[in-house]
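Going in written order, the chains are labelled A, B, C and D, and every chain counts its residues from 1.
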Amino acid sequence: MALEYPHFLINFKTSTATVGEDGLAFARTIERVRDDTGCRFVVAPQLTDLRLVADRTSLPIVAQSATLADDAVMGATTYEAVAAAGADAVFINHPQNEATFADVARAVDRCDDLGLESIVCVTSHEQGRAALTFDPDCLLFERPDDIASESGLVRTHPERIAAFVNMVATQNPRTSVFVGGGIRTAEDVERAFSCGVDAAGAASAALEATDRAAWLQSVARAVLDASE
Amino acid sequence: MALEYPHFLINFKTSTATVGEDGLAFARTIERVRDDTGCRFVVAPQLTDLRLVADRTSLPIVAQSATLADDAVMGATTYEAVAAAGADAVFINHPQNEATFADVARAVDRCDDLGLESIVCVTSHEQGRAALTFDPDCLLFERPDDIASESGLVRTHPERIAAFVNMVATQNPRTSVFVGGGIRTAEDVERAFSCGVDAAGAASAALEATDRAAWLQSVARAVLDASE
Amino acid sequence: MALEYPHFLINFKTSTATVGEDGLAFARTIERVRDDTGCRFVVAPQLTDLRLVADRTSLPIVAQSATLADDAVMGATTYEAVAAAGADAVFINHPQNEATFADVARAVDRCDDLGLESIVCVTSHEQGRAALTFDPDCLLFERPDDIASESGLVRTHPERIAAFVNMVATQNPRTSVFVGGGIRTAEDVERAFSCGVDAAGAASAALEATDRAAWLQSVARAVLDASE
Amino acid sequence: MALEYPHFLINFKTSTATVGEDGLAFARTIERVRDDTGCRFVVAPQLTDLRLVADRTSLPIVAQSATLADDAVMGATTYEAVAAAGADAVFINHPQNEATFADVARAVDRCDDLGLESIVCVTSHEQGRAALTFDPDCLLFERPDDIASESGLVRTHPERIAAFVNMVATQNPRTSVFVGGGIRTAEDVERAFSCGVDAAGAASAALEATDRAAWLQSVARAVLDASE
């Protein structure tokens, strides 16, 4: 099922605080805020919990990673496996789990075959231009240094995000743009969407919020305001 | 929950034929043969299906792999995550997914903390001796070349398996010995148990059997005969 | 120093037969054939022998690999180190030592800064198009399965090599095209150059030739014939 | 050629400041201090400079890393290659370039075959005990967090180093003990040797010293005092 835009993604990463029932409870909180506000939310649960969250909520699901079946060894999770477990999309080449140059092209093709949305992560305009030659569904623009940081691009250099959006619009308008890294407040979310992105997301800020529901509601309002 | 011995383990590896519902159906076949024969079976499903198989069957479950929380990045599956999903044990340092020297020691400790049984994989007596200094619950002795092969140690050099069993019994009698690699027939299973091992297992032979239930029954009889 | 084209590259890989003095002797044989025939040869010695071959011969030198200084850990060989040792060019993303998607872009830039020629390896047209967005000096088109094989693309599908050459000529004419993988005879060399490539190379065929000088001479004649 | 003890090792790591001629100049400074003071020094130059330093100085040489020939791919440096380039010893499993569990055993054997001294790096007593079952020539005890730190074990917990020395003396007295990580001053060197170690070493402290010769002389005096 194709992801709809705009949306805000909550990434559970591999924190021990989002494992199993705790992850499901968090997903349910997100679902409730979605229902209350009308803002689209998407989640990236831990891989062992993918089916649990897919079965028990109606949230669209992004797999944090997947492995090409040809390269899969003991313990790997293939594109086929995440599709079967209920994923709608997959992160490819996340800065915290980089893919080889050859695998990015193959992964986009594999997603296409399996009806999964491909979200290719890049850390520079230069990489973005190269990745667009593979015709991905979405590009995530995120610098590794911004992850879990207070000084992400969205605060320090929003013009680079806007330039990235323009580059994608010119080169491959069907590809969506997602921005992550250093989004911690509703104000950051507004800044991100005012750069023209189709989606934004956070991990640590959401996980560490004292009142997660309140944090999600403020984010939801920012997304809705931006997309009016 | 500690694994009981003797048992025979079926490893689902990462085959696209054991994903999701197909994997569950296979697990149910295994469960049925266990109930019919009284032979203990253990399964190692794909990680995204771990909870599915744990919830819908009463088979003991081995996680194909896990990552130490300190090392976990996007898409990794921690020891905490496999424990929460229902695993009883974890393969550490499988020849198709090797661990660093430092991580083997840490992984055995982590299993101990979480109540998971630690199965450390080694490919030589020399490695076995070193791994025993970590006091693992079980050692899997398996050579990478034997995997999916017709000429595993169990056929060509059963005396090396017997010597491995003796070495473990002398050095750390509480550690169980599991043998894998090249076990394809009931006769191979008999050979393995007659070397004194506590457990044996297979992957490709089980998956590729024309009649899986019949193959499992023949294996079950071999295990039961050996343990009388 | 920029590599000149056409040329034929001999890759020493990591064979124990091309270490140290044996590698130097082989390089001297290559140098002699170059002087006798007038055919340009380039070598890729082992990294610990890079300076030895650079100091004692006048052959242009390609480093088999290099690591970005930011990523370098104990035992790594940086771009700065191979430049200092006498390399003229570097293989980036070789199929037997793949780079991440992000590193390919950075590596091309680093080569540019250090005056090294960048040779980016790709295994498909799709990857070639993406790599061209980084403006590399040369693209090596080589499939992993063709390495050390008797049935490389040059024999089975020369039209794919010709199509690759055309694609590069259209998209970025300043980038040279190098073909490798499965080139074993003078006839293969002719086939390669008749597809329009700027350079070709071999490793196992050269190393395993009973009479290396004779093999090199036959290759030299093929290169010279093709480039007349 | 076996390393002699006690000694102090200077590790050049992969800094761009110790590449090529700069590395050689540094090695010559070390050689001069050795000749002036009579303190044994050992160096670990960059791999591309191994032969340069081995040919132009009389310092014993440790290779920063090496790869088993069976695992070697493009750009790798085998044990055979470092031996041919003049190495006397090799670091195995350095915390900044970890080996798999299986490779540590194989690497110790390979060093033995090639007449190289094996220095296996461990980060805990537990790993040390396991590594001793492989009968290495030397164990380097170093915690990753201590590298380039002001608060290494030698300052904060010298008793753990002394306990490590005792453990090795009891279990395998022929194995030497080397301590690294956080050694920045002559006083640290004294502390290290007063724990009973056979060798100590530094990297960043030596590279960053304003007056490298003066720093080396102070270290030399500390080593000589400790070994009287």
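One rule holds for everything that comes next: contacts are C-beta pairs under 8 Å (C-beta built on N, C-alpha and C of every residue); 3 or more make two chains touch, one makes a residue touch a chain.
Nothing here was measured: the structure is a model prediction, and the numbers come from that model.
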(request) Would you mind naming the chains that touch subunit A and likewise touch subunit B? (result) none
(message) Taking contact as defined at the start, I'd like the list of chains shared as neighbours by subunit C and subunit D.
(response) none
(message) By mean C-alpha position, what chain is farthest away from subunit D?
(response) A
(request) For copies subunit A and subunit C, work out whether under half or over half of the interface numbers are shared, and give different or same accordingly. (result) same
(message) Based only on mean CA positions, could you tell me how far subunit A sits from subunit D in angstrom?
(response) 44
(request) Would you kindly tell me how far, in whole Å, the mean C-alpha position of subunit D lies from that of subunit B? (result) 39
(request) Please set out, as single numbers or ranges, the residues of subunit C touching at least two other chains. (result) none
(request) Examine which chains touch each other and state the graph shape they make (line, ring, star, complete, other). (result) ring
(request) Give the pairs of chains that touch; include all such pairs. (result) A-B, A-C, B-D, C-D
(message) With touch defined as at the start, can you tell me which subunit B residues reach subunit A in the complex?
(response) 11, 13-14, 16, 19-21, 46-52, 63-67, 69, 72-78, 80-82, 84-85, 91, 94, 96-97
(message) Which residues of subunit A touch subunit C once you look at their complex with the stated criterion?
(response) 93, 95, 98-105, 122-124, 126-127, 129-131, 133-134
